[in-house]
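There are structures below to look over.
Next come two complexes built around chain A: one with chain B, the other with chain C.
For the complex of A and B:
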């Protein structure tokens, strides 16, 4: 076997190995049951161990944590008093003045428009509570991020470990570590604050690392030559030089903290805008939930634009105008305060919210049958076969006939013929892949035998990044196997896999259209912006109304979130092809489509792969929220753990999810790296 | 779960020192924190309790708290009482903490709750035998969907509330597959969509709930629930299975931090003795959720009009 294999490309070898393992499992599975299902006697009670270990650990550091929690309650309380008791005209004035200071009239107008919307929504007090939370958690995250970044920069041997920790911080779903945080830090807003700081610190740390790496060696040398301790070089020279990049980190950190607001609300203890979204979501009031969600979007936009201005070089704006705005609003506040309505009493947009809600009802009523047939079509012909395979999904009342063993044989024979045809034309890898995919569709992702999944992941890893990556992928998946969470993980893998596939196809096409037509991009761009900042809970309501509880609804909810990076990166990759390349192609007489396929697409491949990578991470992140619709994978386990305060199950399920996401992430990054190397980038 | 024993003991001790003078009322200067959970009925019950405590002369603070996640906080004395706890859906953590003596059961709220299989009224036209449960056997295909074919679809409680729908479908040998909803919002969205599309729906639901009247929800008549049904397979229409009957009425009770009795003795008595009926709670929920009134106004008006319902409890504890 080995001698024939050595002549092949790595891709072909990997595909053949996966194919062989799959065929062996299929052939011997019926006789050797442990091939198809990992024996439960060989799993370790990982959830219990993790639970016991963590409980012990938590008990140990709890006194310290409680002190920290009590200490944080003070700034939290101050920020709360500051934001809530500031009269609303004055608050609007302060934001406008800040806007002017950072970016002139356009920014001041943005601040005015944004806060006016918040005021009109009737959620002013709740919004100010939210801002208080963000105002305390962001500095915490910034300091932590800066410290982590400096640590990685100063101790090069730590860098790899730090990167892994950052990955874990971003891929373990926040819901998974809420329970331990509750046990550690007690109750109330402080827990939400810490959870959002954990989530918001990694982008800051990454940008600090990147910024310090990019400080030019000459500048460093100059700093060394002028003497001074290491900390002086760092704080007086290197960090100021890296300021622009670090400001990008500040911006990302703010956005991450804001997006965590809704998760923090699940714990409660705090009447913020996230709690309002949860309350309206509980009543399935779409209009009201959308309104509360849009308040968060508005904050995100204002904070993003203003902190984004920090990251770019800016011209100075007249200080006197800043003071004039502040003075004027102070005056207006003093004069009018006695007869101005309280912010909580204003709710100009309530009728709009009711209208949106009624519109949703009308739409559901009018299109019920059409929606049902869309759902049935997608379930019968797409999702069910993917999950449980053709042999179980094809039944008289779904496809109109029963799948038989003969059909399986014919199906396999056909795929073999196609595969052999491919390999005779020189594309052995493609041929083997056809057969592998045929086998996967026949069996269904949830029923895939574990040796095949391990071998497949290992083979992909080998092609994408060599032996190390293969070992990592297989080892990480083996951990899930041992933990006993394999079945649930495969369900999660199926659902997010289906969503990623759909996003890759649809998002890729949308990105392509946006690259070809600026008009399409003008329409798509605000949609993308909104999908990324609005709390996704809001969209669960219409999805549920249209398609009811079930996998299809969950699938759509995941797609709505995960498709955005695919669109963005595809477009970005396609429009940034260097002009010289395009000119050369035009000069050699290529048609526009030829240019797209032969020049732009290959050049954009690494960027598109990065988009795919982000789509995968987003899809996994969304699994937890999709569990609110009623899915049965790891997401559900995390909720179960949260409601039972089961530390072990929560962390184990969260870790399994992070493992799946990390393996997928490393594989795609490996391919992107390889493509980039092939293109000489 | 054995955590925080020392801290709670410390708190209780500190409380004991503080109440030296006014043994009856206790620490009136410190606010009693009542948990506000995620549903309107609970808000009403809690505000009624809060107003009663205020009438007795206490300071009251309402704190929002996740229903499932508040128990550790209560054990730590950071939240002092939760007025409406459903025994059918309570975190295991409560049992553990109660066994450790950190949180206490403060007695029945006497809110007569009902849980069961339910359907919006229009479904009776699609399955003519309803509300008799036997009709569901023949009607199952009407309720079938892509995920459940050939069986009917039964929308069950979210997985973290248990699986009462699936248990009963098995016990009664109903050809229904239970689909767990992910959240209460998902249950309501199902009711709303079914009412608007006039589509079939069988769902596990409970009252008091504002949606009962908003979507004209009717109960399926299942065999009367009894304790024997859940232990003795021979009991009920299916001789071979348990769970072949309706829900046993859920006990709804009040809970509190175990330190209340020492820190605020009169408040402990008020909370232990207060009750609230469905007849009182449901109209208030409607006024808040359907008419959009503020909870303070609605509860305030009810308190003023129904002194007889609550005043004696406060007077007995304070005079």
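For the complex of A and C:
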């Protein structure tokens, strides 16, 4: 076996190994059951152990945590009073003045329009409650992020450890944080506050590290030669020089905090806008849910654009205008004080929401059949076969016939013929892959035998990054196997895999079209900007409106959220080919399409792979949120653990999710790295 | 050589700078294996994947001397001044500044030295992007703890010196490459350092400004007599400014000498290549080619030739002579002779070789 294998490319070898393991499992599975199903006697009760360990730990630090939570209650109370009791004209004035200061008239106008909408929506008080939480959590996150970033920069031996922790924190699903925090701090808004600070600190830390790393060595040296003490070098030169990157961190930190504060609404206890969305969604008042969701989106856009202006080169805007706006609104507030309506009583848009609600029920009633057929079609003919395989999904009731063992044989024989045809034309890897994919479709992702998954991940890791990556991928997956969360993990893998696949195809095509036609990009770009600013939670509303609770809705929500990086990176990779390469291709007489496939695409491959990587991470992040509207697998377990305050299950499932995401992340990054090396970049 | 002149401002002895993994240990091993041969040591290191950017550098810069380092791109010029200023830690060897062992100095002491004694102009300027020109220039003064007013005054003074008056409040990104370079020069001048490192300080300037700044530079040097290490690619600049020139190749110093020595007696083809396009007759002085008096010769009358004359001038004034011509020093005493044919030969060899 070995000697015949050595002449092959690593890709072909890996594909053949996966193929062999898969075939062996299929052949002997019926006789050796542990090949198909990891014996439960060999799993360890990881969930219980983690639960016991954590509970012990939590009980240990609980007093301290409760003190902290009591201490945090003060600033939170103040912020709340400040935001809620500030008269609304003044609040609008403050936001406009900030907008003017940061970005001139356009930002001021954005602030005015945004807050006016919030006022008209009738969710002013709830929004201010949310803002108060963000206003307290963001400074915490910023300080923590800055401190972590500086620590990593100053103590080089800490840097790797810090980066690993940041990586892991990025992949641990948001809901998984909440359960232990709930036990630590008790129900109430403090949990949301702390969760959002924890969630928002890593982006800040990352950007601080990146920014400090990128300060030109000569600038650092010039600071040294000027005789600055270390702290002077850092605070007077390096941090200001890295300011742009750090401001990107501030922007991401704000957005993450907002997103998390809203997600934290699921634990309740605070009259904020996220809770409002959840409540109306549960009551199926979609008009109101949409309105509240839009309020969140408006906030996200205003905060994002204004803090984004921090990170871009900016003109200095006249301070006097800032003060004039503030003074004017102060005056207006005072003059109209006596007859100013309470913000809570304004709800100009309620009739619109009701109208939308009514219209929507009309629409779903009228088009229910069409919507259902779309949903069922996608479910029965695409998602279900992918999940449980053709052999179980093809039933007389849906497909009109029953899948039989003979059909399996014919199916395999067909794929084998195609595979062999491929290998005879010299593309052995492609041939083996065809057969592997045929096997996967026949079996279904959720039913894949574990030896095959392990061998496949190992083979991919080996091709992408050598032995170490292969060992990491297999070891990490083996952990899941041992923990007994395997079945749920495979379900999660299936749904996110399906979504990632759809995103890769559709997003790749959209990215391609945007690269080819500037017109298409002009349309797509604002859509991407928008989708990227919307907090995760809000994606659930529209899919629920049309498709109710279920896997298909979850699938759509994941796709909507995760497709953006694929589009962006594909386009970016394709349009940033160095001009001299393009000129050389044109001079060699290549047609535009030849240039696209022969020059641009290979050159863009590493970038596109990075986009795919982001898409995968986004998909996993959304998977857990989508558990709210009905998915199975790990997401559901995490959500369940939250509602039952089961730390063990929450953390174990969260860890399994993080492992899946990390493995996927490392594999794709390995491929991107390999491509980059091949291009000599 | 290392412990020669007592008044050496800088004394480097056997300085190595190796980049890569565990450079100290690897260098020690390689030195053990290959003994003193720097070339062989570097070979062993590069086989192990390390880069020996500076190899066994030994030289001194006298107090008030203008010492120029030349060499091809990547030959280790910038690295060597980083070792001396301890921006990077030399892998081996010793560096004395005014007799003080820099490599053993504490961080605190280094900060003091940098504040008061050392100045540096960076090859890529190293300007702080968030500070205006004036703030950049005043930054070292701020580190010294000076107040805002005197800082500003001094900054304006040196900004004027480099011809950037009127741009005090611009940001570096708003300046051209040459203007940025001048800000870098002004910044290093602000504290009036005793020892001054300049890494290709005039490379981004147009010829006019360059000449102007070179002359300005020589004027400053004539009055202030700083000890200067000056890196350049431009042989004409080196010959114009230098008291002595060191030529580097692949991290090694292959020759150190006065401009005339470098031009007239290059140790090898590499050094010769540097001065190929130089009109030798304009740079070498008669003193460097004459034969000193043995005491036997007798000359009568007065000689037109002076030791400080360039070869070109000397040749012009004795083209018609066939006899050895006496050479006088500045006071008119005859100190040597030169044969016109030897003069022509000196010009000849250096040009055809």
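Here is the rule we go by: the second predicted complex is superposed on the first by the 654 of 681 C-alpha atoms of A that agree within 3 Å, B and C clash if a C-alpha of one lies under 4 Å from a C-alpha of the other, contacts with A are read in each partner's own complex, and residues count from 1 in each chain.
One rule holds in what follows: a residue touches a chain if its C-beta (ideal position, glycine included) is under 8 Å from a C-beta of that chain, and two chains touch if they have at least 3 such contacts.
On a predicted model such as this, the values are computed, not experimentally measured, just so you know.
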Touching partner for A:642 - first (chain B), second (chain C), both, neither: first
Which superposed partner A:275 touches (first chain B, second chain C, both, neither): first
Contacts of A:677 with chain B and chain C, given as first, second, both or neither: neither
Touched partner set for A:549, first chain B, second chain C, both or neither: first
Touched partner set for A:540, first chain B, second chain C, both or neither: first
More chain A residues in contact - chain B or chain C: B
Touching partner for A:222 - first (chain B), second (chain C), both, neither: second
Chain A to chain C touching residues, read off their complex: 216, 218-219, 221-229, 232, 236-237, 240-241, 243
Chain C - residues contacting chain A, complex: 82, 85, 87, 111-112, 114-116, 118-120, 122-131, 139-140, 143-144, 184, 187-188
Touching residues (chain side chain B, partner chain A) in the complex: 1, 3-4, 7, 36-39, 63-66, 68-73, 76, 78-79, 91-93, 145-147, 149-150, 155, 158-160, 179-186, 188-190, 192-193, 196-199, 210, 289
Contact footprint of chain B on chain A as seen in their complex: 55, 58-59, 62, 66, 178-179, 182-183, 186-188, 266-271, 275, 278-279, 281-284, 361, 364-365, 368, 372, 375-376, 379-380, 384, 395, 397-398, 540-541, 544-546, 548-552, 626-632, 636, 639-640, 642-645
